[in-house]
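Pasting the structures here.
There are two complexes below, and they share chain A, which is joined by chain B in the first and by chain C in the second.
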Partner chain A sequence: MSVLLATVRFEFSRIITAGRITWWFVLAVFPILIAGLIRLFPLADAGEQFDSHQVWSVAIYLLVPCITCAMGVLLSAGPVIGTELEQRSWVYIATRPNGIFWLLLGKYLVAVAWSSTAAIAGLTIAVMFTGQDTVVRMWVATAALCVLSSMSYASVFLLVGAIAPRRAMLFCVVWTVGVEGFISFIPAIINRMTIQYRLRALFVDWVQPGDEIQNNPLFAMSLAEGSWYFQILWLFALTSIFMTAAQVIAQKREFTGATESDV
Partner chain B sequence: MSESSSDIPLIQFESVTKLYGKVLGVNDISLSLSQGAYGLLGPNGAGKSTLLNLITGQLVPTRGNVLVFGQSPRNNPQLMSRIGFCPGFEGLYSSITGLNWVTFLLEMHGVPRRPARNRAAECMAITGMLEAMNRPVASYSRGMRQRTKIAQAIAHDPQLLILDEPLSGLDPVGRSDMTEVIKKRIADGASVILASHVLHEIEAVTDSFLLISGGRLLASGTTDEVHKLLFDLPVEIQIRCDRPHRLSSLIMEHRMADTVSIGHSPCGAEILRVATRQTAEFSALLPKWIAEYELQVDEMKTADDSLQTLFNSLMKIHRGEL
Partner chain C sequence: MPLIELEKLTKDYGSFRAIDDLSLQIYDGVTGLLGPNGAGKSTLIKVLLGLVRCTSGTGRVLGHDIVKECGAIRTRVGYMPEDDCYMHGLSGVECVQVAAQLSRFPATEALRRGHEILDFCGIGQERYRNVETYSTGMRQKLRFAMAIVHDPELMILDEPTSGLDPEERESMLNRIQILARQMNKAIIICTHILPDVQLVCDRVVILAAGRVTLSEDLEVVRRSPDPSLTVTVHGDIRLFTESLKKRGARIESVSDYSLLVFGSEEIASAAVWQAATETSTAVRSIVPSRTSLEKVFLKTVQEASHANS
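Right, the complex of A and B next:
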C-alpha cells in the first residue's frame, strides 16, 4: 500500500501544472455555463411536456456525470500508457517490482479524483441555477453518480489506452459515442454491459426525475431493473473487469522505450 | 541439492533470437556470464539495446531463454529489486525535481518515504547532483540528466547494474566522475553490464567484454582471450617514408602482405599501410630494402593494442573480409 500511496502522491504532484489546472477549471465551468444558459433561455417546448424538475434533473445528469466526468477521465486516464511510452519514461517504472501494476492503479485513482472533483465543483454551482426544492437531494445523488461515473469510465479508458496506446484518445471517443452513447440505448442483452445503462438506473432511483421520464418509451426500454445496490455491484464488477484486463494487457505486451533505431 | 547463489550464472542466454516483425534484433545468441563487470560493445544498431531489454525483461525472446540470476526476468518483481537499469534514452519527467523523481523510484521498491528521500539525496550527491537536485529536470543539461539517470539506477543498491551508453552527453569531467562511480560499484561487489559503442569507455571500466554486431555475438572474454583467437590475423603496419610507392612494389614483389594501401596523414604526408601475417620476415627484409634502395623511413608503427584493433579485426571477419 505504501507503493500505491507513493504513486498517487507522485502523480498528484505531476498534475499540478498550469495546463492541467486550467483543464480542471474548464471541466468545472462547463456544466455551470450550460446550466446558466438554460436558466437564461428556458426551453419552451420542453416546458410544455415536462415540469422544471424533470428538465433540470435530466440536464444536470447529462451535463455532469455523463459529459463532464467522461471528458475528465478521457483526458486523464485514456492516455496514461501512451504518454509514458511517448516520453519514454515507461521503462523506469517497468523495471521496478510490480511497477506497471502500481503505476496504472495510482494513475487510475488520480484520474478518478481529478475528474470527479472537477465535476462535483461544477455541480455545486450548477445546481444553484435549477431553483428546485430538491436541490440538496439532487446534489447528493449527482455527486455520488459523478464518483461512480468517473470510476467506471476511467477503467474503460485505461483499457482502451492499454489496447491502443498510440491512438488512445481517438479510440476512447469512438468507444464513448459507439458503446455508451448508442449501444447502451439498444434494448438487448448487450446494453447491460454498458456503464451508461447502470448509471441511468441509479439516476432514476436516486434523483427521482418523475413518472413522465421513467414511463417515456424510449427511456423505459433502456432502463436497468433491480435495486440501486445491484446497479452499484454491476458497476464495480465492470470496473474490476476493465481494470484487470488493462493490467493484464499492460503486463503481457512488450512496451519498451526503444524505437526501431535502438535495435 | 540446491545450487548456491555463487554457482548461478549472472546471465544466461540459450539460443536467444529476437525478431521485431521481420527485423532481426538479436540472432541466436548463447552465452553464460558469471558475476563481474562486462562491456557490451558494438556499433549503433548492433542489437545492444535489444539485448539489454531482454535482460531486464522488457522484451520476450522470439526463440530461446533468458535467465538472470537463474530466473526469467519477465514480470519478475523479486528480480527487479536486484537490477538497476539506466536506459540509453532520457525519459525523465520535466516538471519534477531530480530528487523527487529518484525518491519516487526508490519508493516503488517499497522503501518508506523518509529513508527513500535520504537515500535519493545521497545518490544524487554521489553523481554530483547535490546542488541541482531540487531543480526541475527541465532545467537540467544533458549531462545532468545522465547523472540523474545513473543516480536512480544505483539508488536501491542493485546487485546487477545495467547501463546503456551511460557516459553519452557527459563532458570529460563528467565521464571521469561517472566512470569512478561505476568502478566503485564494481569494487563493492556489484555486477555491471555496460553497453557502449565507444571502446575506451568500456576499457576504463573493465577488460571483459561482449562484442556484438548485426544481432550476433562476435566474441566474448577478456582482451587477451580474444587476442588468442586472432593470432593468425594480419597485423597492420603504418610506414611514413619518402617513396611509399617504391616500397609498396617491393612488398608486393616479395609477397609480404595481404593488402597494401597508400593514404594520407592529417598533415598531408603519404602513409603506407601494410597488412601482413609475416611480421618476422617483413621486419627482417625492411632494413635490407632501406639500405639497398636508399629509402628514407621517417616513422613506422603498428596499430595500437587496444580494443579498437580487436574490434576492427572481428568486424572484418564477420563481414568476410578476412
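Right, the complex of A and C next:
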C-alpha cells in the first residue's frame, strides 16, 4: 500500500506542470463553453419535438461523461507506458520488484482523478446553463457517471497503451470511435462488452431523460437491461479485465527503449 | 557458489542471435564485463534481470532462476542503466526515494536512505533541484544512487564512468571500491573504459558475437606470456646492462634509465641485484611486467572475429 501511495504521490507531483494544468482547464471549460452556446443559440423548433429536460440531459451526458472524461483519460492514461519508454525511465520501474504493477496502478488512479475532477468542475458550471428544476439530481447523477466513465475508459486506454505504446493515442481514438461509438450501438451480444452500453443504461436510470427516448425502439435496442447496480458491477468487471490484461502485457512484454540499439 | 550461473544461454531477436550458447559463472568481487559494440552485453544484462526472456538455456542469479524468479532477483540486484534515464518532474532526492519505495521501503525509511545514498554519491544541495536541470555527471551519480538505494547484494553497473570528468571518474571508482571492498558487494561493471577495469576489477569476462571468449582473473589475464621485470636504475646503465648480459640475462632497453629483464621473477631479480652490486648502480624500482588489458582485449576479440569468419 505504501508503494501505491508513493507512486500516486509522485505521479501527482509530476503532473503539476503548466502543460498538464492548461489541459485540465481546457477539459473543464469545454462542456461549459458548449452548454453556454446551446443556451445562447437554442434550436428554433427544438421545443416542438423535445422537451428541454430531454435536450439538456442528453447534451450534458454527451459532453461530460462521454467526451470530457474520455478525452481526459485519453490524455493521461493512454501514454502511460509510452512516456516512460520515451523518457527511458521504464527500466528503473521494470527492475524493481512489482515496480510495473504498482506504477501502472498508481498512474491509473492519477489519470482517473485528473480526468474526473476536470469533468466534474466543468459539469458544475455547465449544469447551471440548463435552467432545469432537476439541476441537483442531474449534477449528482452525471458526477457519478463521470467517475465511472473515467475509471472504465482509463482501464481500456491503459490496455491499448500496453499493446501499442508508441502509437497509444492514435489507437485509443480508433478504439473510442470504433468500439464505443459504433459497436456499442449494434444490437448484438458484442455491444454488452462496451462501456458506453452500460453508461447509457445508468444515464437513463439515474437522470430519467424522458419517456420519448426510453420508448424509442432504436434507442431501446442499444440500452442495457437490468438494475443500476448490475450495470455498475458490469463496469467494475470490465475495468478489472482490462486492467489485468494491461498488467499482464506490461509484465510479459519485452519493452526496449527507443535508443537501445545496442544488443 | 557462483553468484551468476548461466548454462547454454541463447537469445534470438528474430533472425539475429544476440547471445549464442553462452555458459558463464561469475563469482564474488568486481567483474568487468567487456566486449565490442553488439557483443551481447546489454542483452545479457537484460536476460539476467528478466527484462527479456532467453530463447533457450538456463541461468541462476543469486540462486534464483532467471525466468521463474525475476521478482526475487530484482529485490537483490541493483541495476544502473547506461541510458540517460531519470524520472522527469521529480527532484533528485524524490527520484531516489521513489526508487527505494518501489523496492518496498516505507516512505520515511526510503527518504532517509535517499539522503544517505546521495551523501555517499556526492550530491549536495542539488538533490532538491529538478532532475531535468542536472548536468551529465550529476545524472550519472543519480543513476548510481537509484541503483544502490535498496542495498542490493549484486550491482550491475552499465558504463558507470562514461561522461564523467577525471575527478568525478576517480570518485566514482572509489565508491565502487568502497562498495566492493568494505561492504562486500558483488559488482559487475559493463564498460568500454579498460583502465577502469584494470583499476577496480578482480575478474574480466570478454564477450564477442554473443559468446564468452575469455573469463579469467585479471591477474592471470595480465600475466605476460614471456615473464619479465621492468627495472629502473640510477647510475651507469651501460655498465649495468653489460653485467646483466654476462650473467646470461635477456635484456631489452626501454629508456635511458630503465630496461626489461626477461626470465622468471626469481631468476631475473637475482641477476639484477648481483649486477647492481657489481656496478654500484642504484636500483630505483623492479616491477613485474604486465600485459595491458587493451592488448588482451583486442587479441581476444580479433581471434573471435577470425573464428566466426
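The rule we apply is simple: the second predicted complex is superposed on the first by the 258 of 263 C-alpha atoms of A that agree within 3 Å, B and C clash if a C-alpha of one lies under 4 Å from a C-alpha of the other, contacts with A are read in each partner's own complex, and residues count from 1 in each chain.
Note that a contact is a pair of C-beta atoms (placed from the backbone, for glycine too) under 8 Å apart; a residue touches a chain by one contact, two chains touch by 3 or more.
Fair warning: this is a prediction, and the values are worked out from it, not measured in the lab.
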item	value
Touched partner set for A:Ser13, first chain B, second chain C, both or neither	both
Partner chain in contact with A:Ser184 - chain B first, chain C second, else both or neither	neither
First (chain B), second (chain C), both or neither touched by A:Trp102	both
Chain B versus chain C as contact partner of A:Arg88, first or second or both or neither	both
Overlap of the chain B and chain C footprints on chain A, listed as residue numbers	2-3, 6-7, 10, 13-14, 17, 87-99, 102, 254-257, 260, 262-263
Residue ranges of chain B touching chain A (in the complex, touch as defined)	20, 23, 25, 45, 47, 49-50, 53, 56-60, 75, 77-78, 80-81, 83, 85, 87-93, 95-96, 100, 104-105, 107-110, 112-113, 152, 215
In the complex, chain C residues that touch chain A	13, 16, 18, 37-43, 49, 51-53, 71-72, 74-75, 77, 79, 81, 83-90, 94, 97-99, 101-104, 106-107, 110, 146
Parts of chain A lying in touch with chain C, wherever the complex brings them together	2-3, 5-7, 10, 13-17, 87-99, 102-103, 254-257, 259-260, 262-263
Complex interface listing, chain A residues touching chain B	2-3, 6-7, 10, 13-14, 17, 87-99, 102, 251, 254-258, 260-263
